[in-house]
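Each of the next two complexes has chain A plus one more chain, namely chain B in the first and chain C in the second.
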Partner chain A sequence: MNTKTVISLLVIISSLLAISYAIADQATGVIPQTGLRNLASFYLENTLNPSNKSYWTASPEATSAIVWDYRGFDTFFETSVFYLAIVGCTLVFELYEPPKSKTTKQTELGLTIIVKVITKIVGILIVCVSASIALHGQLTPGGGFQGGAALAVLPILFIITMSRFALDRKVNDTSMIIIRALGLCGIGITVILPLFLGFITNNNAYIIQNQMKPDALVSLPSTIADKMMGGSLWMLNVSEYIAVGAGFTLAFLLLSLPERSFKKILEEEKYATY
Partner chain B sequence: MSMNPIFPGLTTTTLLISCFVLPLFSFAVKKRRKFLDAYVLIFTFFAELLAIITFYNVFFVLSEPMVYKFGGWVPPIGIIYEVDKLNSLFGLMTATIVFLMVAYSTMYMKRDRIEWFYTLLLSLETGLLGMIYTGDAFNLFVMLEVTNISMYCLTAFYRARGEVVDSALKYAMLGAVTSSFYFVALIFFYASYGTLNMADLSSKASGLSFPFTGTPYGNIFVGTAIAVAFTLWTFTFKAGLFPNHFWVPDVNSAAPAPVAALSGLVVSNGAYVTIRFLYTIFGGTNLFPALFDSIKLILIIIGSFSAIFASLLMLLQKDVKRLVGCSTIFHMGLIFMGIGLGTDLALKAAIFHIINHAVGKALLFTSIGSLAAYAGSKRIDRLGSVGRYAPTTFTALMVGVLVIEGLPPFNGFMSKFMLYSAFLEVGLAPVAIIIIVSTAIALMAWMRVLFSAWFKKPDQKIEKVREFPTVIIPVILVVICIVLGLLTPTIDSAILTPTVSSLKNVDSYIQAALSSIGG
Partner chain C sequence: MPLIETFLAAYIMLTSVATLIISLYGVFYKPHLTKKIISITIFGDAVNIFSAIVGFRYIYPVAPPILLTENPTAQDLTNFLEVAVDPVPQALVLTAIVIGMAVVSFMVFLALNVFRIYHTLDTRKIAEQRKRSEE
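This part shows the complex of A and B:
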């Protein structure tokens, strides 16, 4: 073992010991914990509290309410972290002329017809299940990101069974970039919608506000046709679903590029780094 | 309250939405390049205006920090932006430098894939301003991620070069690991204090209770020690302080010049967050004096070490952009020495030096970026008399060196002198000498660059150079440096002194958050 390894090991071990010591010394509270923390019980009591609507979110799902309403501003930017990761992926892997396959016949690409037919059947199920995860985000565990991630299984299956070229013919990078941007615009509009409502109705309103507050009397509709929609929660979930689904598809399209064609194009891109 | 506190909140929200929408326009518009140039300029200028309004109001209109409640949620239930004098000053600095660098990019960057470059510049500004304005420790983590991921991708912009991808990957891997350390710190903060709001943390650390969350849950002494240790690990990495400095020269060398200039703001944010944690969140506490005294002592020691070590490293560099990177480590060392000392004068010096370093670094990179492009190389020995072909840019580079190495009458001298006096004031003359010695070493390194760029015989024939219009930005930065240098006494009394006294007035920070809860 050289000195570098020894030092790294010492740093790792001492960090772990420090964390363990802190937890054993009850830095994180008495173990085992009894009862809820004040903030947790506040969220649980107020998320769906029709008798006191000054702190409610009109959603029975406390997790979704925390993610998109109480701490919605964080999630707005977390969405952008994923968006930027895909932008970075596009920046590094984008090719101006993606390679085309030599054959145009669908049957000559990918696996056997049995696998392809099964994939198509499963594909419909994937779309249904993922949409239901996203659309019921304000009622049951789930939400936009989870739904979008489930939807992203579809392009992967498609690439494996039918090949990248077949997927590229159906959904190219440009359309995915546009669909994703539209989904993100949906999120952006929902975030600033309360400001416009407040301006029209001459009320005070806050960025990313959902239900009315004592000092800001603007509310997004909490029910539609007697179904609980959680105000802004469903709009954000649906937009996030579209953005994440399209974002993952774009990433898979770029990452499944054959290395050879990528290298060829990069060699033409010779410019200095200053 | 005389003013709606929405402006800081609107800054980051607008910037992020503009960065979501940008790819749509890049497909829809015919004259793409011109449109996109105008687009980023408009949005960064808008952010600059909002930052100016925020700065003006916080300094000259309001008497206490400005609080904006996102979604109308009161702290600590939701997220707030809490803007006091310190972060409104840094917000103004960030918005100004980003706007100038975006303007420089519109003239300097000539390649394809510019829509992604601009998207990432907008998101980088979002992240930087969000880290500065936020009053919530977890929101700080989210904005840190936004900043980080934008920086990683921008570093990898020249993707066809092996060393660029290598530096970007190294930076991304290490950055991701150190950012997770802050996440570990947040777990400990939440577990022992039961809250993530900065004002709430501060009030609990002072032994007071806060509405909705009450009193701490665990043994806050051990919890605070672990959490602060991990927090400082993350943000000294961000600040490029020894021994977490190694990414700075790589990134500075690999990234396009405007991005390398913006990395000066990323390291400044590392220093800002350290000030926020040591002096706002744990500034009012007297529950654990030994802990924070030893942390500050460690900061002085590694700061001095950074300064000496980095200035020696500067002598070894062959690549002029790496040299600026090493100079950043050196200046961060000085800044952390000031933060560690923590007297009023030292904090004023540290804050002023953060600003001077960020402006100076932007000046250096805008002039070096142009000169390297004219010479066709960023190696010091290949710059061969390029200065004679581009005299204005070369003069800007010279001023940049004088600013960053601290020669009178420029601003860099003023802040270094303040730091020097701060150490003499408390009787730490040996530490004060470190400042002088490391500056002298760094100046030698810079002389090589200036000599090569003016006197050395060129290796290859340099084409006729058109300095205009890229030279506008270095010239503007030179003017800013001269103004900051000449007006130092005014800046000291009107801006720095109030900033430090508001920073040390932790009560008013807590009270502003409390009064936003209202009745």
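This part shows the complex of A and C:
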């Protein structure tokens, strides 16, 4: 056994002991619990409380309320991590020549016409379902990320059935980067919108504020045409939906690049480095 | 809590801890980069399942943390607090899934680039090739 093996073994055994000790000593509380933790009961009691609007979020979905309102900064930085990961992916794949198809006829690319038509019908359904997941995020389980992840199934299907070259004529890397940037701008605008409202109405306001707080009387509209929209939650969900959908589409477009567009460049790189 | 439920709770805890340790083993000892990435995703999933269990409530009836009325009364809220599970771990799991997915996609991109340069993802063969090119 060499030193690396011994150290790895020590790390595994010590993490096993640490986790077991933490659980046995009830660091996570009694599992499964029967009551509620104080923090959880605060969130559940205040998320939609028309009689006491001091800390409410105007959303009946407590998880969405926590994600984008009570712990909004967590999600903001999570979106930043996602943004940086996709930026990293595009940087890693920066070195490629745009691939060219041997044929220009659409009928020669991809699978048969039957599969293509069915994929188009399924594609419309995917867009509808994912948009509904994102737009109902403040009412039912779902939200921007879940909707975006559902939407990201669409480019994979299209790449398989239509081929990447057919997709490339309508959707390319640059357009996806622009759409993703628009989604992120939407998040940024929603985050600083309360500050503008506070400035106009001469009130205190916080960043990512949704509904009014005891010391900051700025709130975004909780209902639009008698439908519960949860203030800023729907705006953030829609922006996240666009950003995540475009981000994943970009990642899949890059992953589906043919090998021949890399080989030459990377071979040159290899001999230059070593 | 009855004996069988205590046993089941302990069983679920043991399983999630065992999954964590097995995934750590995969990260450290499996030489193939794809297997390392799979182990890391299993690690993240095990942690997420563990967090979901932490938020669970052993009561009947039990409900998700979603209010079903648009204008809840004080009585509605009291009933809601009696049955709803803890929403905090669910929100944290949601965040963890997004970050995990971003990190995994980045690792896949890196691994693909490694494959394009070395034509293998086996770390032993990569080390061999590097040694040979240094000589």
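Keep in mind that, in the parts below, the second predicted complex is superposed on the first by the 255 of 274 C-alpha atoms of A that agree within 3 Å, B and C clash if a C-alpha of one lies under 4 Å from a C-alpha of the other, contacts with A are read in each partner's own complex, and residues count from 1 in each chain.
By definition in this document, contacts are C-beta pairs under 8 Å (C-beta built on N, C-alpha and C of every residue); 3 or more make two chains touch, one makes a residue touch a chain.
Note that this is a predicted model, so its numbers are computed, not measured.
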{"item": "Partners on chain A (chain B, chain C) - clash or fit", "value": "fit"}
{"item": "Partner chain(s) touched by A:92 [first = chain B, second = chain C, both, neither]", "value": "both"}
{"item": "Which of chain B and chain C A:73 touches, first, second, both or neither", "value": "first"}
{"item": "Partner chain in contact with A:210 - chain B first, chain C second, else both or neither", "value": "first"}
{"item": "Which superposed partner A:167 touches (first chain B, second chain C, both, neither)", "value": "neither"}
{"item": "Contacts of A:62 with chain B and chain C, given as first, second, both or neither", "value": "second"}
{"item": "Chain B versus chain C as contact partner of A:41, first or second or both or neither", "value": "second"}
{"item": "Which of chain B and chain C A:178 touches, first, second, both or neither", "value": "first"}
{"item": "Partner chain(s) touched by A:81 [first = chain B, second = chain C, both, neither]", "value": "both"}
{"item": "Which of chain B and chain C A:126 touches, first, second, both or neither", "value": "neither"}
{"item": "CA minimum distance (chain B, chain C), superposed complexes, angstrom", "value": "6"}
{"item": "Shared chain A contacts, counted only where both chain B and chain C touch the same residue", "value": "19, 28-29, 37, 39, 43, 71, 74, 78, 81, 84-85, 88, 92, 266, 269-270, 274"}
{"item": "Contacting residues of chain B [partner chain A, same complex]", "value": "6, 9-10, 12-13, 16-17, 19-21, 23-24, 27, 68-73, 76-79, 111-113, 116-117, 119-120, 123, 126, 130, 138-139, 142-143, 145-146, 149-150, 152-153, 156-161, 163-165, 184, 187-188, 191-192, 194-195, 212-214, 217-223, 225-226, 229, 253-254, 256-257, 321, 368-369, 372-373, 376-378, 518"}
{"item": "Contact footprint of chain B on chain A as seen in their complex", "value": "18-19, 21-22, 25-30, 37-39, 42-43, 55, 69-74, 76-78, 80-81, 83-85, 87-88, 90-92, 94, 96, 174, 177-178, 181-182, 184-185, 187-188, 191-192, 205-210, 213-216, 266-267, 269-274"}
{"item": "Residues of chain A defined as touching chain C within the complex", "value": "5, 8, 11-12, 15-16, 19-20, 23, 28-29, 31-37, 39-41, 43-45, 47-51, 60-63, 65-67, 71, 74-75, 78-79, 81-82, 84-86, 88-89, 92-93, 140-141, 143, 145, 149, 228, 251, 254-255, 259, 262-263, 266, 269-270, 274"}
{"item": "Residues on chain C engaged by chain A in the complex (per definition of touch)", "value": "9, 13, 17, 20-21, 24-25, 28-29, 53-59, 64-72, 74, 77, 80-81, 84, 86-88, 90-91, 94-95, 97-99, 101-103, 105-106, 108-110, 112-113, 116-117, 130, 133-134"}
